[in-house]
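In the two complexes that follow, chain A is the common piece, with chain B as its partner first and chain C second.
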Partner chain A sequence: MRGVITIFRRELASLFWTPMGWMLLVAALFANGFLMWAQLAAGGGNVTAALQASLGRGLLFWMLLITLPPLLAMRLFAEESRTGTLEYLLTAPVSDAAVVVGKFLAATMFMAILWLSVPIYGLIVQGLGTPPDWIALGCAYLGAVLVSGLLVSISLLASSLVRTPLLAAFLAFMACFLWLTLPSMVQMILAPLRELFSHWAGGWEAAERWIQIAVRSMDVPRHFLTSFLPGVLDSAELVFFVTWTSFFLFLTTRSLEARRWRA
Partner chain B sequence: MSAIPPNPSPERGPASGSRRGPRASGGRTRFWMGSQVALSVVLAAAAVVVINALVARPGLRLRWDLTAKEVNSLDPATERVLRQLPGEVTVDVFFRALPQPLTQLSSQVQARTLALLERMASVSSDRIVVRQNDLNDYVAIQQRLQDLRLRGLENCVVVSKGDQVQVVRERGQLAQFDLGNPNPDAYRPPALRAFEAEKHLLEAILSVTRGERPKVVFTSGHGEADPFETGPETAGVLESALRKDGFVIETWNPLEEDGFPEDAFLVAVVGPRDRMADSTLAQLDRFVEAGGRLLVAPHPDAEPLRASGLIPWMSRYGLEISEGTVMEPYADPTGTGALITGPRSEFLLVHPNHMKRHEIVQPFIDSGRAIAAVRSHAVRVARQPEGGLGLTMPLISSNPRISWLDTAPIDYRHEAELETIRGYDLAAVSEYGPSNESGTEGGTDQHLEKVRSRIVVLGSSAFLYSVMLESQGGQGSSLDFALNAFNWLVDREWRVNVSAKDPDLRLLSAEQIPWVSRWAVWGMPLFCLLLGVGIAYSRGRGGPRRQSA
Partner chain C sequence: MIEVAHLTRRYGPLAAVDDLSFSLQRGEVVGFLGPNGAGKTTTMRILAGYLPATKAERVVVAGFDVLRESYEVRKRIGYLPESVPLYRELRVDEMLRFHGRLHGMDRLALRDAIPDVLDRVGVLDRRKQLVGHLSRGLKQRVGLAVALLPSPEVLILDEPTSGLDPLQRAEVRDLIRELAEEHTVLVSSHILAEIEMICPRVIVLDRGRLLADGTQAELLERWAGDQEVRLEAVCGDAAAAQRLLSSLPGVRRVVLGERQGIHQSFAVFGEGDLREDVGALAMQKSWALRELSTRRLSLEEIFAKLVSGELAPMPDGVVQANPVAPSEPGPASAGLLTLGGAPPQAPAENQQTVPAPDAPPLSAPAAGGGQIYSLNPFDRGAARDLSKPVARDPATPAEEPPASEPKQDGDPA
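So, the complex of A and B:
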């Protein structure tokens, strides 16, 4: 545990001691603030809708989610691997799992700080006399952090697989993009297949039904938008994010271990 | 971290003499470890999938709506209907973004409707099947509309079951929009004023699932409330609501018509003023004995009630109807908090804690709503059904701490010597099978079920008068109560109505929005920028917290 905390503090500090961290934060805050204002203006001053737009209902949220975690994670393993500092870290008296979890927590904390801007918007509108639904907003914030954690864990895995930071960021970006757009992709693929297998009517319908169920169960935006964002805490959705994040962290740990016996 | 396993073939080292030995041994080790890693990954993935599948099961899944007004939860009455849906209902969604200035609001409404449908599907154990239709796929849309026997539709939801189809439109039904004022001098942006998707979707679902249309016969010829008349003391509003809910309404005048109406499922005796002939009552007894359903609502005034003969007739079913009227004092409108009496005392509001647990009133208990009762006699359960299996029970009661039974002549005053303060039952239900003597020897359970009788006795026909059902106070409760009673009588106890949910709008005024712009768009990023520059400056000067490896 001490190892995790040490790595976490080291990585978080390094994020905020470099210009890149601040540049990302300023750009994201500006864009999110603009979205909040635009949504308020377009939605007739509807505070709940505007806060939800900044925290998941708007496209910007998802664009930040598929760009920021890869950019944050690329330096966590790939960059260290390229400069050679990773070897020192792996020979330090901390387990591989502690290294992975510490780095994961640091990157997720950065995202959590970024999304903290939305509760601050809540304070602003409360100051103007319209308090938001704080408990629902807290639930949406928790969901945003969980989604960020999931994408950070995927990005960490990509970063641990290659030694080139930009390649790691690209791989992570593609993986996040593909997973988030999985339902639309599958629909695009299924449409021509439906015509191809039209002669196999009953069988294809059953197969398509199973595919739809599988894809639906892996639909990250749906898990977030239908539960956390509107203020619903659902045990199944919570378990979804926790288990898949743990799975990718487990893969990252195995990937680091594999470096040893590959070397 | 797993330990590196020992070399599986240590004897094959360089000393073995083979030149390929070390490479082969290393390869096998790598293969062994790679397999181990692959296996652990596969097992971990399988564990994740299994855990997710398990926790998504209805029995294990927990859900908390944390919003202040529980806007993400279905009304308990809606959940009740969905859980008992008799078959699969298909909901086709035909959504396209509305043109400006409603584009943003429309997108919110559509997202909320889809989330609502998803919740409905989940609660109904997937008996609600939601189909999202892509309006860009022209051929598929035309095909689907042809299947539904509709044309030229968009921005609506179509609820269908077999041949039954109901269309719920986005504007006006799913949501009420305020178009705002585009005039720059008095600009007001468009806004969402109400989101009523749950109410309208449920109505559509009930409409397509109503199945056979049970026939309700209202007796006439004795001064009863007429279902085909309009006026304050008629049953016109009730008839309209029943027809909308899938009932067929007829009247039967036993003084003019010889035979009993064929295929009548339910007979309603609503507020007769004149004596009902013994032969008529005997016909009704035979109807009930044969499994027919009966609703009795005596006239609110003592004299017509006495004249109608309903009191001795109902006593044969173990129910005693008082001639007096149940009263409750009401709060002083000047705000002193004092309870005063007067004509308004005959208007009673029955809260859920004075309702018994029964299908008819359960939705009111679940959703915490009151039922309005007016000019009601007391209906006392004197005895349980004899011979057969069954139960007679009160349904709703007056407030036991303040109500009294005002005896005729009605003076709206409580006379302590004559009139006791206590709770009085205002309606009762009875359900029973055939008596042992009624010739069902050897009957199967199915047969018993078929001839099972149900009776509802209301404290007064004023419960069902149009003036009551149309009034603001009665619209949300008395009409639902009446419909529930009729639906329970015809074995459709799962059909209930719900009111629209409060959308919990939290709005900023147009003047306040620029303040948000100042703080959110400029203030916070600028603050972060200054903080970052400060830290960079501090580092440049060799501050104490330089990044350490």
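So, the complex of A and C:
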């Protein structure tokens, strides 16, 4: 636990020691500000809806989500492996799991700080006299952090698999993109198949039902959009995100361990 | 402190460390020596708990098994990899604080320990500098400071002097020698001079195997036994001269060197200082000398020869001379050198060399019915008077008057 906190603090601090971290934050603040202004103008003054556009309804949110975690995570293992500091970290008296969790928390915390730009605009709007729906906004914020955490954990796994930071970022980007678009892709594939197997009606329907269940249990956007964004805090949804995130963190720990055997 | 028994580590089919066993007592400073790729770094990584062993009977560091009690081991060692991994974006004291926290040191302990350890490695004035801005030598020192901070029982330093300039090297060496007083230290290097200066005890590795393990004196005693006399002379037939030299008492083997013009060089190996006898022989045969010198194997050469396989490694024990020279003691071994017509032990090709134009010592046969010279310096034990020519040795039965010899052999020179 001590190791987790030490590593978390160092990783988070080192994000703010480089100009990169600040640049990302400023860019996010600007983009979200512009988005809110545009939504506010188009939506006839619905403050909460305008703020939610930055937290999930807009495309920008998802684009940031599949680009930022890979970029953050590529430093965490691939780059450390390249510069040799991973050897230092893995011979320090901390467990591999503590290293993984510390790094994961730092990257997720950075994303959480990044999404803070939305509540900041909420505060400004409130100061101007129109309070937004804080409960809905808080729920959306929590959901955004959870989705970010899940994508960070996927990116960490990619980062622990390779030694080249750029390759790690690319792999992570592909993985995040596939993970988020999986449901619509499966639908696209299922549609022509349905006609192909039309003569085998009963069997196909059963098979498709299973596929749909499997896909739904991995469908991140749906879980986020139907629960957190409208302001519903559902424990099942929390479990969904926590489970998948833990699963990928577990795989990352295993991958670090395997690296010792391969190295 | 460190105990390794039958350690093997494979990378695929390649065995980086092959059945390695050694141990270090508390307070010992041991040098790991070997060419690149000998398995030094792999062994150190296994000791530090970074890599697991493929197979090992026992790998114990500071009383704990490195695989099962890795955490306990890691708390007790200071490991500095060759690349000196430090976080570039941290300042020197921040890096140390981070390391200290990983080791569970609290704020108060760190406040005292950090300036202390920085002072020890001599970078106290750089404590606020970014690690990434430090030169190689300074980084190396900071790396040492990091390894030293939790005052570990065992220090494992992988090539701590690589990439440093001579001055920095000397400083790091001094530092390690100082550390030796409080810690058990394992240092690796592929440069023998470094190890020679730092470590009393040396472990020589090559291709993952242990070649030698002992103090410098022990290694010298074991492998530098034979002295080498280098002889370069105009001596006509080289093979014949080689045979003559081989028959000198005390000579184990004679290696033919290269021939430059009329000069042929030899390396004569044997017990004690053979210059006397080789010189006497040369005089007797009227070989025009260009060089006659002696030297013992240095640790450096022992290392080179061990690695190249010229010297047999430890487990086989005995020093095996390479069967380069035909130095079998023939009938002449009684201290008498037979020469001429058909020496009984002469191989066939020798007969063919006899008519060669520049082979007068061989083609001047008959005189004494074969026996012309006694060169046994130990005929009368160590009491032999070395100031006198050997040929006057009265103990030799078939002796030729020395005066006659120049007449015999001197002409072609």
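By definition in this document, the second predicted complex is superposed on the first by the 263 of 263 C-alpha atoms of A that agree within 3 Å, B and C clash if a C-alpha of one lies under 4 Å from a C-alpha of the other, contacts with A are read in each partner's own complex, and residues count from 1 in each chain.
Definition applied: a contact is a pair of C-beta atoms (placed from the backbone, for glycine too) under 8 Å apart; a residue touches a chain by one contact, two chains touch by 3 or more.
Nothing here was measured: the structure is a model prediction, and the numbers come from that model.
Participant: Is A:A258 contacted by the first partner chain B, the second partner chain C, both or neither?
Facilitator: A:A258: touches chain B, not chain C.
Participant: Give one of first, second, both or neither to describe whether A:A175 is in contact with chain B, with chain C, with both, or with none.
Facilitator: After superposition on chain A, A:A175 lies in contact with neither partner.
Participant: By residue count, is chain A touched more by chain B or by chain C?
Facilitator: When the residues of chain A touched by each partner are counted, B comes out ahead.
Participant: Touch check for A:A158: first (chain B), second (chain C), both, or neither?
Facilitator: Neither partner.
Participant: Using the touch definition from the top, say if A:L90 reaches chain B (first), chain C (second), both or neither.
Facilitator: Once the two structures are laid over each other on A, A:L90 reaches chain C alone.
Participant: Between chain B (first) and chain C (second), which, if any, makes contact with A:R2: first, second, both or neither?
Facilitator: second
Participant: Applying the document's definition of touch, where does A:V100 land relative to chain B and chain C: first, second, both, or neither?
Facilitator: The answer is neither, since A:V100 touches no partner chain.
Participant: Which residues of chain A are in contact with chain B in one complex and with chain C in the other?
Facilitator: 10, 14, 17-18, 85, 88, 95, 260-261
Participant: Provide the residue numbers of chain C that touch chain A in the complex, in ascending order.
Facilitator: Chain C reaches chain A through residues 45, 48-52, 71, 74-75, 77, 79, 81, 83-90, 98-99, 101-104.
Participant: Across the complex, what residues on chain B touch chain A?
Facilitator: It is residues 1-2, 4, 29-30, 33, 37, 40-41, 44-45, 48, 51-53, 55-56, 60-68, 71-72, 104-105, 108, 111, 115, 118, 178, 180, 188-192, 504-510, 512-513, 515-517, 519-522, 524-525, 528-529, 531-532, 535-536, 539, 545-549 of chain B that touch chain A.
Participant: Quick check: in the complex, which residue numbers of chain A touch chain B?
Facilitator: These residues of chain A touch chain B: 10, 13-14, 16-19, 21-23, 25-27, 29-30, 32-34, 36-37, 39-49, 57, 85, 88, 95-97, 117, 120-121, 124-125, 128-133, 135-136, 138-139, 217, 225-227, 230-236, 239-240, 243-244, 246-247, 250-251, 253-254, 257-258, 260-262.
Participant: Which of the residues in chain A come into contact with chain C in the complex?
Facilitator: 2-3, 6-7, 10, 14, 17-18, 83-88, 90-95, 260-261, 263
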